[in-house]
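Here chain A shows up in two complexes: once beside chain B, once beside chain C.
What follows is the complex of A and B.
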């Protein structure tokens, strides 16, 4: 075998190894902060480069890596497809931005104390969770990601953080136990944990003697666990507590990386694995129908509840947290239609992916902005702020672009997400009118609500008279540049949408392509 | 007989975990979460079947008669993970006590 061939065959684990290596090296080098920071930056650049090069090399089809060359259903497979890599790409970009922001804002002693290492371990866990093709392995990567997020949420271990951290840890431990129960059940009923093999077996339940009602039960437990991790109503209550208490860069990572891991797992399990078993429904009900109806209710509730709650918040972090709940609803709503109506599945996935990318970038920028404000002014309460737009223009421009990208104002990136949402019920063959009219109604109400809380944030915090607390303080300019980076990304992705749309389209195609996934993992060794 | 005993043990572990989770004392709630996690591990073991012999392959043993070794490997991994999270959550408990001087859930979260 030539050297170039062997490099290609190992490339799907390269980002994983880079993240692990950087995490270990930054842990070892903590005597010298300069060395840690340069290693950390170097590692992030290498990670982003490896993800982007992988993203372009999987456009023709997924790359599969079998650990220790054990063939697919027996060993652990890693599957790098364009869907997972597009999400990883955005996670890498958000992490890079957060890292640069942290260098200037997190205390030096704290940075020495394994901060960089933890960030890279989080990226390591997210990489594993998005690339793995094995259900139990997914659980393990979830725990790796969550473990680092526990430490990062309680990083300064202030009184607020210990309490919020406790809520977060207990909830996720319970979630983990339930995930384990459901994985055990799926293994006992189907006899496999490999996602591709699972999908293959579910397509012939009689041949493998699978009882579909049990699979349905366990899939619903998994759904609840993923809904908890992505913070959908009624499992949302940890979101504002944790986001408000955690350090701002960590809140940016939680919404940009950790929540998206739960979202990814939901899409991967319910749109790549389970559809193949959907041809054998139990009477009227199939797994995807139940999933679709429950998700429709939960995400509609999230949109409305998150939007209304965000309106009445005085604290910026709380407002962003509730907006995050509402935005997760927007991200999940097309998924419910995709589950119910296979004909619009790919269009719905496109909307979900655009909204996910948009939310990761915009929320990262907003949380970092809130961190800047808290560091300089000492308060994130809107009642203490005012006139920030004249006081620090760069920060204000970033906040303006990000919050209105969440609302979906053209020409910012978020507009295309909303556009794809709206053409979903209109442009396809007539789907049941009840769903499409409800869908449009919820979209309209949700968008109006998000517009209102965006205006609320902007009017009270950034317009009006400069308040005394604001005029006494200065926000360091070097902290604001990284916000500009996110803003420029949002605008350029919006203006140059044509150039990124092939990537999004191929990501949506690979997310719903069960047979291609099975083919790649089980038969293409 | 063994399946019945195991089912009873599992049931009592889950109910004990849930019961403790609903206590007012944060330490008891955490013990409840830990027991729930361990109950999930025991449950995972039973999912591989418990009727066969030890999963050591030799010439004399046929593949049919051994217990599924995969779930046991899974549980080993899950136990290691729960060791890590358990130690973290106990240290965090100590920090909560340091910061707030109480472990009473009503007093910690009551005035939220």
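What follows is the complex of A and C.
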């Protein structure tokens, strides 16, 4: 095909290439572990640098990259906007932290095997999923991410991991099949897979002869698939099984990166693509109304159910898994209001983004802490622990800060998420008393529940007498430094919230800016 | 399964599969076929040979351990993909942009269009062959 003479900016494809190259090279350097580790670290640094520079260059508007120089609705577009890049930035930071932790804790023979390569392939998949502007391509990147997570979940191939892996693989295959069906259906009804073109066509359904009821049906199937992938009640049952069986660094990645990919896709599709078609409702119901109401119910159920279940857990990993279900509810709850009330959409997205960043960082730190405890003490059961705060202060400080950041105690980062949640229902116009009061009620109950399970974790595991199992063991200090990194990050993001809030605000703006998205992709060249 | 009948059948069938794979590979960039499907065919032919002759004979023939071979195939395929995809970047064109060349008519094959994507496809072929063979050797153990 003809190539334009204009200078192409390759920066949107750079992170993808860095991740792929690092993954391949770490596979090659099997002879020497030192070489593998240095390649892996170098690749991660380059990746983080490329993401951060891209994050600042898209603040003025999204960057679009057309693969193979095929123009927009036909070729595959990559759309780098500030929303996708903010989430990628956190994914990169969490992966970097997990990688550094893994170097000292994962067996050397296993690291030689393919561990580093798999981590980079996971990052590769997440990058593609967050940057792609094509619905089918999104599915492919989802599969790339999941394929690596299958291997990583069953990494030590113990019987427990194999069993959890089976559940995880089968559920995701079913989810993937439904996702493919609904993508096929959307393609058949609208005639396009490019997200921007899809959004453009949905704004004029009569012109393109689109039957809106079919689009509505397929969008609801997509919603169920995303709810499964992000572990909302009643599709949450895989979360505790998988998180408890997987190696701790992998649980950190699953909650910090893989789940967030599903969340991103949900926001991108329901808030960037579908709103343009929402002006043509079907009777009383439009896509976003149905989405909003079902999401409200599911996320409220997740908050309450996850919180209550977490209270009764004795195993740290199980407690964290149930807390993850509850936190996913908190992240999704503002989205339901955003879907129902367009006037508060941006405010709700801000709350969601803050809570997402907070959850990724805090959960990564908590799962790595649980990994430290398991490695040193051999058990993650709270009944075997006690007095950890005197035994290993660094670890305890990190756990304290992270778990209370999830609760939302000032001045930690999580507080700002809860703050934005709380002011949300007061801004609906006209004030919807039913939704507002329900929203606040759920919020309060959920926060009290998360406070209670945080206290439960802290009191039984970290305060009190040092138990015999704890006093006999030592937790290597070098493993704890990386926890401190996450803790400092949570505190500094909280204290210096003013400096990061422009980034969050522009991310929330670009997440709901359908016309800007369409313009950038379809009329860029 | 290493009976005379299987061995004779495999000796006839395996070359046919290899030729089919080659044809599918060459026409892959603008018609039915491609790197993935020909890799699957190649692996099925190798699996047939494994069944007929056993793994040890083939390993001796190639003078290399299967796991090393598979890993090298996989990694070289990935690197080939990255390199062929990135060449356009050096020429200031988007990643994965391809160029093509129409060859003068050849006997039997007719007019052939050779595109840059065929090298990319070769990378896919190596990667898929390497990974499928390592799965096969893992399962057969």
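As a convention for this text, the second predicted complex is superposed on the first by the 513 of 525 C-alpha atoms of A that agree within 3 Å, B and C clash if a C-alpha of one lies under 4 Å from a C-alpha of the other, contacts with A are read in each partner's own complex, and residues count from 1 in each chain.
The definition used in the following text is that a residue touches a chain if its C-beta (ideal position, glycine included) is under 8 Å from a C-beta of that chain, and two chains touch if they have at least 3 such contacts.
From a predicted model like this one, the values you see are computed outputs, not experimental measurements.
Among chain B and chain C, the chain that touches a larger number of residues in chain A is B.
Within the superposed three-chain model, A:68 lies in touch with chain C and out of touch with chain B [touch as defined at top].
When the two structures are aligned on the shared chain, A:307 is found in touch with neither chain B nor chain C. When both complexes are overlaid on chain A, the residue A:21 reaches chain C alone and has no touch with chain B. Of the two partner chains, chain B is the only one touched by A:188; chain C is not.
With both structures placed on the common chain, the touch criterion links A:169 to chain B but leaves chain C unconnected.
Look at A:292: by the touch rule set out above, it reaches neither chain B nor chain C.
Looking at the complex, you find that chain A touches chain B at residues 136, 139-140, 143, 147, 150-151, 154, 157-159, 162-163, 165-167, 169-170, 173-174, 176-178, 180-181, 183-185, 187-188, 193.
By the touch criterion given at the top, residues 1, 3, 7-8, 10, 13, 17, 20-21, 23-24, 27-28, 30, 65-69 of chain A touch chain C in their complex. Interface of chain B with chain A (complex): residues 21, 26, 29-30, 33-34, 36-37, 39-41, 43-44, 47-48, 70-71, 74, 77-78, 81, 84-85, 88-89, 92-93, 95-96, 99-100, 108-109.
By the touch rule above, chain C contacts chain A in their complex via residues 71, 74-75, 78-79, 82, 85-86, 89, 92-98.
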